[in-house]
Structure formats: structure tokens, C-alpha cells
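Two complexes, one shared chain (chain A), two partners (chain B, chain C).
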Partner chain A sequence: MAAPTSVAISSAPAEATCRPLLWLCPLILFLVIFFAGPLLLNLMESLRLDKGAPTFAEYTHIFGDPYYLRVIAQTLIFGIVVTAICIVLGYPLAIAVARLDGTGKALLIFAVVVPLLINVVVRSFGWMVILSRAGAFNWLMRALGLPTVDVMYTWTGVTIALVHVLLPFMVLAIASTLETLDPRLEEAARVLGASRARVFRHVTLPLSFEGLITGSILCFTLTIGSFVTVMLLGKTSTMIMPLLIYQQLTVSSNWPFAAAMGMTLLVIVTAVLWLQLQLRRPRWRR
Partner chain B sequence: MWRDVIRGRGAILVAIGLGTAVAIGAAGFAVAQSKPDKIVVTAYGGVWAESVKKNFVPCFEKKTGVKVEVLTGESADWLNKVRANPQHSPIDVLTLAEADSLRAARDGLLDKITTAEVPNLKDIPDRFHKPWNDYAVVQNYGAMGIMYNKDAIKDPPKDWKDLIDAIAAGKYGKHVAWPAGTYTWGPEFIWWVAQQYGGDIDTAFAKLKAMQPYIVKFWTTPVEALNLFGTHEVDLLAYWDGRAYSFIDKGNSWAAFYIPEPGTIAGSVLVSKVKSAPPIAWEYVNCVLSHDGQLGHAETILYGITNKTVTYPDAIKSKVTAADRVVVPPYDKIFDKIPGWIERWNKEMQ
Partner chain C sequence: MSRLGLGLSLYVGVLTIFLLAPVAVVIASAFTGAEFVTFPPHGVSLKWFAKVLGDPQFVVPLWNSLRLGVLATLLSAVLAIPAAIAMVRYRLPGADLIQAFLLSPLSLPTIILAVGLLFFVARIGIGSSLLALVVGHAVITVPYVLRTVLGVYAGINREIEEAAMVLGANPLRAFWLVTLPLIRPGILAGAIFSFLLSFDEVPVALLLSNTDTTTLPVSILSYLVYNYDPAVAAISTIQIAIVIAVLLVLERVFGVKHLLFTSR
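Take a look at the complex of A and B:
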């Protein structure tokens, strides 16, 4: 009789540990079917497994051609630049969102989020109307007697349009962290004689780091995965990987090459995310 | 008792009964297979989809009693949907572009069209279905021409070569938009430019590069192109005839459209039946190619149609480009070169 009792007692903690994991089963099943499964099919397509033995010809094509290497570099730089601008513009906005309350706060959040309520194609056409040579911005420049600027179909135009739509992700991610920040910590630093800049550098910024990293991950991944805005507001020279993948699928109908570029993009994104997650470690925040 | 029945005459009756039940079930299944509740057909958006609902769907529903679901979208999207699930295709009748039709046929996704299943095929000239080995039939074509701002350009060149050279010389400034090589019909238009210079593709790319400083945008969607022209960002736009006339007819009398000599390419839409689609889908293809269907389609979308028994009414005669003015590119020769041209476009047209 003693043996079953001892088993029951020793298995109780294990059961308690396993029970929460059981709740994850539906999610794991969902991910296996709708994420891992298609990913595996994509990998098989890129290796042309349907034709027999696997071949790395598509990957050799990508990494052996300076043009595709340049597009990979452009994609990464584009993602970094858009994310950096979102941080610079988004942080002050996030502070305002966190410090305001009542109607002012609600209105500011609505103003920040409103670009997400507009369809991506409509939004892109809206930017065309504003940024084109005959558009609203240049009309204003001419009215003020200033020289007109040509930003449509350039990296500048594409960057403006993407910052516009991705800014809410950065603002809301940082603001949610700042809202949990105890204001007495900043007050204490001020009482002890720290300047506003020093309080920001040594108190506010380190304590909002989690939000900054979350916002950066969202902005970066969404930037390097976007193609409709880049297709409509850019041109051949503003090429990024998602646009190339789209072209291979729709015009060239070259699925294996598109799949190989998709896998390459996935590996790059994963590597960059890993690097960004390393920044969460305390030693980087000192 | 059961043992007795099986041993006796009852066994024969049971066998006959079961056989009849199975036969009725099988026949019912076959009928259900040949006559589904609905079929799914494709249509490009806007006025194109309106035309499908007005000119083809009622004809099919009246003849068969089967409903039609119209799926709007783009050629490559539909092809990818069928390729992803060829055994149980979510689409029964496709309306693909030329190269996509060839791809679908090569991948074994389509049924061959014959006059036995589609009697109206006899009224379609060979050049509108033979290049696709009868796996797809051109139902309508657009003609690529020039839409221009009459206030800014008084006397545009009469032929393509003069036009291309004038653009490259900067005669119209940076106020020109041209289809990109990466647009669905872009590779065909590169081929057409090459034809103006003896068929040499290198010359075509050289000419397009020479034009590039004066091109506001090599457009990739017709809507984007029209936006550029409508906002006066460009004064000269290489564009499809039907869409151009539709724009001019909406009170934009400052715009005009013409086809430079010696004619132009046909941007065709081909109707085809997916292999896994029920046989009743042939009737829809027949409706699309019928005299009344084709005439109604031309009147609605102002694109050329291919049924030779149709005579265009006076109201649209001047707007629809006649079949003898368009060239169908030799897809069997250029098809395999398209991926290379797209890669070259991406690398050179920076």
C-alpha cells in the first residue's frame, strides 16, 4: 500500500507542472498546422524536392548574385532606418500619451492610431496625392515661394509613408511601459539634483527599455515585410525582398526562387530579432 | 431465420435490392457531381466584374439552373490558388492573362477546349486559341496605346519608333508614364518595343533606359497609372484602350487616346476550364464566347472581343480596337524568356 502513496506524492508536483502545458496544446497544434507545416512546404519548394534530390540552386542564385545581395542589404538598412525614425518621433509622443489623462489622452491615442484604420492601398494613394510634384506639399512650397521637392518614387517618400503607419506600434509599446513607471523615481532623482537630461538618461530610458525593444521589433519586422506601399510609392531602385518575392510569384511564376527568397528573409529576420533580444540583457542598459 | 433467407430465393432478392440501392446511389452521386449547387468563376475588378455579372452569369444560370459565384482578383492570384490545390480547385472557370494561361496548361491544370463541349469555339479565329494549344481561348483583349493631355501635347508622334525616340530625347520632359517590365503584361510590351527595332531585345532595353530619365514612373497597376494622368503628374501615358476611353468619357475631354502605327500588342484575357471543375462549367465557357455575351461584354468594358460573328455597333466602333490592328505575341517563343527579362529589368532599370 505504501508504494502507490509514495508515487502519488512524488508525481503531484510533476502533474502541477504539466497541467498548464496541457492548456498550450491547442496553440501548439494550431502553430504546427498553420505555421510549421506551410514553412516546411516552403522549404521543400525552395529545395525543389518535388523534382527529386534536393538542390541549393535557388540559394546559390541569391547569394551568388551581387544584385540580390544588394537587395538584402537595402531591406535591412530600410528596416533599421524606419525603426530609428519611429523611435525618435515616437518616444516624445509616448511620453505625452503616458503623462496625459482624460479626453486629451484619448484624443492623442486616437490621432496616433488612426493611420491603422485606413486601408494600405488607400493610404498609399493618399501619400501620392500629397507628395507628388503636383501634390499638396509642393503646392504649399510654391505658395511660400520655396523650391519644390521631388520625394515621390524615392527612399524618402517610401520611408515617410511607412513611418506614418508604423509609428503607432512604437508609441503604444513605449507608452505602455512608461505608464507603469512610478513617477516618484523621477521626482527622487530631481530632488537629489539630477538635471532633466540626466533623469531621462539614467531613470526614464532604462526603465522604458522593454517597451522600446518591443516597439522596435514590431516596426522592424513590419517594415521588412511590407510591399504594397513600396510597390506604389517606390520604383525599381527602391527594391526590397518582399517585393522581389511578390514579383517572382505573380509575374515570373517562379515558386522555388520565391520560396528560397522567403526562407532567406525569414532567417535574416530571426537573426536580427535574436540580436534585438540580446539588448534586453541588463549589461547593455548600464 | 437470416440463414434461411440467405440460403433461399431471398438471397437473390437481397442482392438485387442492394445492387439497385448501390446503383441509385452511384447515379445520384454522378448527377450531383455533374450538376453542383454553384460554380466559381473569376473576374477582374470594377466594370469588368459588372460585365461578367450582366453578360455571362445570367446566360449560364438560365441554361443550367446552377448558380455562379464571381471571384474578383488578379490573374496570378487565381493561378496560384489553383496550383496550390489542383485536385479540389476553389475555382472552376479561369480568366487568366496570356503567360499564366500557358503556365496553367503546361502544369496540366486545364482541360482542352473543343467544339464538342463549347460549340461557340467555331466562331473564334484560330490565332485566339491555337497558340495556347486550345487549353484557353481569348475572350477579350485590350490594346496598348497612348493617352495624352491635349493641352500639353499638340501633335504626338504617329508611330511607336518616333514616339520612343521623342521621349528619349526629352521632348515631353519628365511627364511620361510607361508600363513596367514587372507589370503582368510588362514582358509582352518589352517584346513589342523590340519588334519596332527588328526584334532585338538588347535594343529594346537600351531604348527603355534612354527613356528612363523622362519617365515619372514605370507603372505596375493600371489604377496607379490613371492616378498619375488624372492628377496631371504625367501628360503622356502608355495605357489600355478600354480604360482610357472610359476615363475620357467621364468628362475628361482634355485627354485623347490613339494607337500609334504599326498597331499594337493585345493584352488578352483568356477563358479556360480547370481540370477538376464539373463538366457543366463548359456551358459557362460557351456563354462567354457566345455572340450575345461577347457583344454585351464589348459594349460594357469597351475592349475588343474575339467572336467573329459580332459586329460592333456605331456607338462603340470608334473606341474598340479592331482585331486586325493588334498583334498576339508568340508566347511559345517568349514564354521561357520572361523570367530573364524581369531579372534584367530589375537590374538595369535603376
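Take a look at the complex of A and C:
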């Protein structure tokens, strides 16, 4: 959300330069010291600057080792898969949020928002209760006379739990743009003879493009940065970058390596956010 | 539901079950009378609540989390409110760039910030103190307070402030009697968001807390790594109750519908 900042009242010239700086400075300073500072320290640590000349040893270590390359690839694929599932599951739900009004809308938004606010540790625990061998899901399968499944400590289990974590973000992002969409546009297309599929493809989807992009970028960056869910529901074969960073930091106490892995993750996230800026100007909205 | 059609209504029903199921099973498991987490739960009992509420292993982190959430929110509010007002009131050179920087912690995976902060506190020697946690959480929560206050303040009619000053109120009086009441919903919503974020945050708390300052989510996480019993369900249920209570307050002061437009 870009808040309009162009609203300004006429003020004396001297006041106009001094006071805003005085009011902005504490926050800017705070973030320079405690946000930019730690990131800079992270970079220095990854280059081992405190031990003399910078060395790229940690980076060549990461990019020369098939295991670490696999972890990076797994992280990216995991992010793409979770995002794709969230789009497919979330879009119809967002349409429902946008179409409903009154109590129905409030209840549905509540159902979407409540999981978002419940701690990710608690939700992962909930999925452990559901997905474990003697869990709720298998109890239901047995009651229905169906074969039981065992997805704990697999990619499937981790993916289900993480889709649950990120689906609300996707739904809210898409619904935000669908809310602003004039329903008469879809009606006009229908009246003019377009099929439901054609209306969706040529009217609804392009007009909700921005929400779709925002939701997808958010989902992807949060997935590749998540680690609680994977820590609880995964095992060593479902290793992703944040978990590797944590492990290197606490188990191996290898700070420069953890820092270099962190910088790699930071570069990936920054690249994706840059991509979002490029996609913000969709051709068909001109 | 008639506006949705049968297919979409059914779909919404199934997805709602998917969204609420993990929360529902946790609450159900908390009331079990059994010694293990089983499904369906055996018997009904409050013994696990009694156990966790009498166990400092959970009660101390619960208080730590509440205290940390309040302190981080106060710090965020003190930093963000004047900044938001300045950004709306004055046309600053490079305002877009400044705003992008001030909101940038939103986009960063917190694990990276957590690692950087760990190096930082180790270097300046404040170690894993409460101060380090408050500062770390404020970095995460301050953009949310900034954004909600910016949104509300940019939307109000600024002529009322000018009228107050024309009628003889000094800037401070005009701020206290006119501006502040007008932006109060934004401040409250931002503060509640901020508290919930801090109350839920794991990576920074995991890396920067020690046994005295550990937070509730971190203590549940560490407990879960070695144990799998209904005590976790009970303490989780208490946390869910706190979050839902805060959410109801948020609905009262701001309206849950507005979440649509404040979530990126």
C-alpha cells in the first residue's frame, strides 16, 4: 500500500525543512543502526572482514558443494510449489470474499484472518496432530474405511502445513484488488456474449493481476524465509536455507558460513522484489 | 451464500475447514483426559491447563511475551507516529525513497535480521538481554505502525487542523486536541498489529533470548522438539485465546474488513 504523501499544507520555509527532519530522524536513525547495521555486519561476517582482507571462501564453499546447491534449489522449488498451490486454492476464496457482503463477508474474513494471527508454532503443532500416523486425518480415513497415509516428515506434509500458513496472505492480496473491481465490467462482458471462462480470462484475471503478483511475491519470499514449520514437520532431507542457517549458527557455530548463506538468501529475496517492481506496470492496464 | 452459487459455496466450506482444522485439533487435544495426544481425545479434563498454569516453564515465558509485546509496541509507536505525521504533512525531497527504506523491514525474511542482530548484540556487548529483544522486535513491528498511521492520517481532512490553528490554538494544542483524536484508530490498529506480531515472532526471539527472557512461542517450540503431550495443546490454547481476544478488540476499534487494505 503506497500511502499518498503529496498532501502538504503551506508552512514557513524554515519550518518546512527543520521540523520534518526532527520528527523523522529518530525512526531513520533507529533503522539505520538496528536494521541496516546488522545487515552490514552480516555481510562483513560472511567476508570474514575481522580477520583481515575480505575473502570469498564462504561463498565458493557454498557454490562449490553439491549439497548446498541442492538445498538452495530445494528452497526455490519449495517456494514456487507453495506459491502455485496458494494461487490455485486462494483465487476462488478471494472471489468469494469480494462477492459476499454483510455478516457472511465478516465471517469469511474472520476465518481467513484467524489462522494468520495464531502462532506458527501452534499451527505446526496442529498439523502434527492431524498428520501424524495416529493423527486426526488417519482416524478419519480409518472411520471411512479408506487406506491411511503417512506424510509426516515428508515434503508433502511440510507443503500442506506451509500452504496453510500462507494461504491467508494470498487470499487477502487478491481480494483487495477484486474489491476495487467494478462488477459492471464483468456483467457487460457477459451481456455482450462472453462465456464465463472468457470473462475470467479477459476481464477478471487481468484486472486482478496486481493483487495476484503482490500475493505471489509475498508467498514466495515468506516461504523461502520460513523455518518453524519445516523444523517441526520436516527432517534432514527436507532441508531449506533458513533451517540450514539456523543449524550452522547453533549446532556447528559456523558464523561466517551462516552469514554467507544469509546473504545468499537476501540476494534472492531482493531479486524477487525487484522483479515485482518490474511487473507492477502490466502492459494490459495501460 | 446465495451470491456465490453452489459450487463456490461448497468450496468455501471445504477451505474454511482446512483453515480452521489445525486450530480446532489443538483446542480439542487440550481438553483431553489422556496422557498423550491422541485422536479422538479420550475423556474431558482441565488437568493439562492446571499443569501448564502451575509450571514456570510456561508461565514465565508467557509473561515475558506479554511484556516484550508491550515494550516493542511502545517503542514502535514513539518512533513511528511523529515520522508518519512528518511524511504526510511536509513534501520532502526523496519522500518515496525514505518511505521505501522505512518500510523495508517488512520484506526481509526475519531469519536474516535475526542472524544480523545476533552478530550485532555480540559485538556491542548487550548480549541476549531484554533490551536486544525489544529493539529486534521493534525493527519488525515499526513499519506496521508507520503504515497504518500513514494511511489514516493521509485520509483525514487536514483543514480541521488548520482551522484550529487559525482560531488561535498553538501547534501543540492543535495536535493534542485535533490531530491525535483523528488518528487514534490508526494508532490503535497499528499498536494491536504490532503487539500480535511481537507476540508471535520466533526467529529473533529464538536467537536472541536466554533462559530468563525466552518467549512463549520459543518455549513451546523447544518443548515440542523433545515432548509431544497435551501440555503443549493447553498452553497453545491459552495463546489462541489471547490472540482472539486481541483480534476482537481490533474488530471493535478498526473493523476487521480494513485488514484487507492494510495487508500489503
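Note that the second predicted complex is superposed on the first by the 244 of 286 C-alpha atoms of A that agree within 3 Å, B and C clash if a C-alpha of one lies under 4 Å from a C-alpha of the other, contacts with A are read in each partner's own complex, and residues count from 1 in each chain.
Please note the rule applied: contacts are C-beta pairs under 8 Å (C-beta built on N, C-alpha and C of every residue); 3 or more make two chains touch, one makes a residue touch a chain.
Since we're looking at a predicted model, the values are computed, not measured.
Asks: Check the residue A:125 against both partner chains and state whether it touches chain B (first), chain C (second), both, or neither.
Replies: Touch partners of A:125: chain B and chain C.
Asks: So, A:240: does it touch chain B (first), chain C (second), both, or neither?
Replies: Neither partner.
Asks: Between chain B (first) and chain C (second), which does A:153 come into contact with in this model arrangement: first, second, both, or neither?
Replies: A:153 sits against chain B, while chain C stays out of touch.
Asks: Have a look at where A:249 lands relative to chain B and chain C in the superposition and call it first, second, both or neither.
Replies: Both partners.
Asks: Of the two partners chain B and chain C, which one touches more residues belonging to chain A?
Replies: The partner that reaches more residues of chain A in the superposed model: C.
Asks: Report for A:259: first if it touches chain B alone, second if chain C alone, otherwise both or neither.
Replies: second
Asks: When the two structures are overlaid on chain A, which partner does A:162 contact: first (chain B), second (chain C), both, or neither?
Replies: A:162 sits against neither chain B nor chain C.
Asks: In the superposed arrangement, does A:230 touch chain B (first), chain C (second), both or neither?
Replies: neither
Asks: Quick one: is A:85 in contact with chain B, with chain C, with both, or with neither? Answer first, second, both or neither.
Replies: It touches nothing on chain B or chain C.
Asks: State whether A:133 touches chain B only (first), chain C only (second), both chains, or neither.
Replies: In the superposition, A:133 contacts chain B only.
Asks: Just which bits of chain A does chain B share with chain C as contact spots?
Replies: Residues 125, 128-129, 134-135, 231-232, 249-250, 255 of chain A touch both chain B and chain C.
Asks: Any idea which chain A residues touch chain B in the complex?
Replies: Its residues touching chain B are 67, 125, 128-129, 132-135, 152-153, 231-232, 235-237, 239, 244, 247, 249-255.
Asks: Which stretch or stretches of chain B touch chain A in the complex?
Replies: Residue list for chain B touching chain A: 74, 76-77, 79-80, 83, 99-100, 103, 180, 182-184, 186-187, 216-218, 220-221, 224, 227-228, 231-233, 338-339, 342, 345-347, 349-350.
Asks: Going by the contact rule at the top, pick out the chain C residues touching chain A in the complex.
Replies: Residues in contact with chain A: 1, 3-4, 8, 11-12, 15-16, 18-26, 29, 37-40, 78-80, 82-83, 85-92, 95-96, 98-99, 101-102, 104-105, 107-113, 115-120, 123, 135-136, 138-139, 142, 146-147, 150-151, 154, 158, 161-162, 196, 199-200, 202-203, 206-207, 216-217, 220-221, 224-225, 228, 232-233, 236, 239-240, 243-244, 246-247, 256-257, 259-264.
Asks: Please name which positions on chain A make contact with chain C in the complex.
Replies: 1-9, 11, 16, 19-21, 23-24, 26-28, 30-31, 34-35, 37-42, 45, 89, 92-93, 95-97, 99-101, 104-106, 108-115, 117-123, 125-130, 134-136, 139, 161, 164, 167-169, 172-173, 175-176, 179, 214, 218, 221-222, 224-228, 231-232, 242, 245-246, 249-250, 255, 258-259, 262, 265-266, 269, 273
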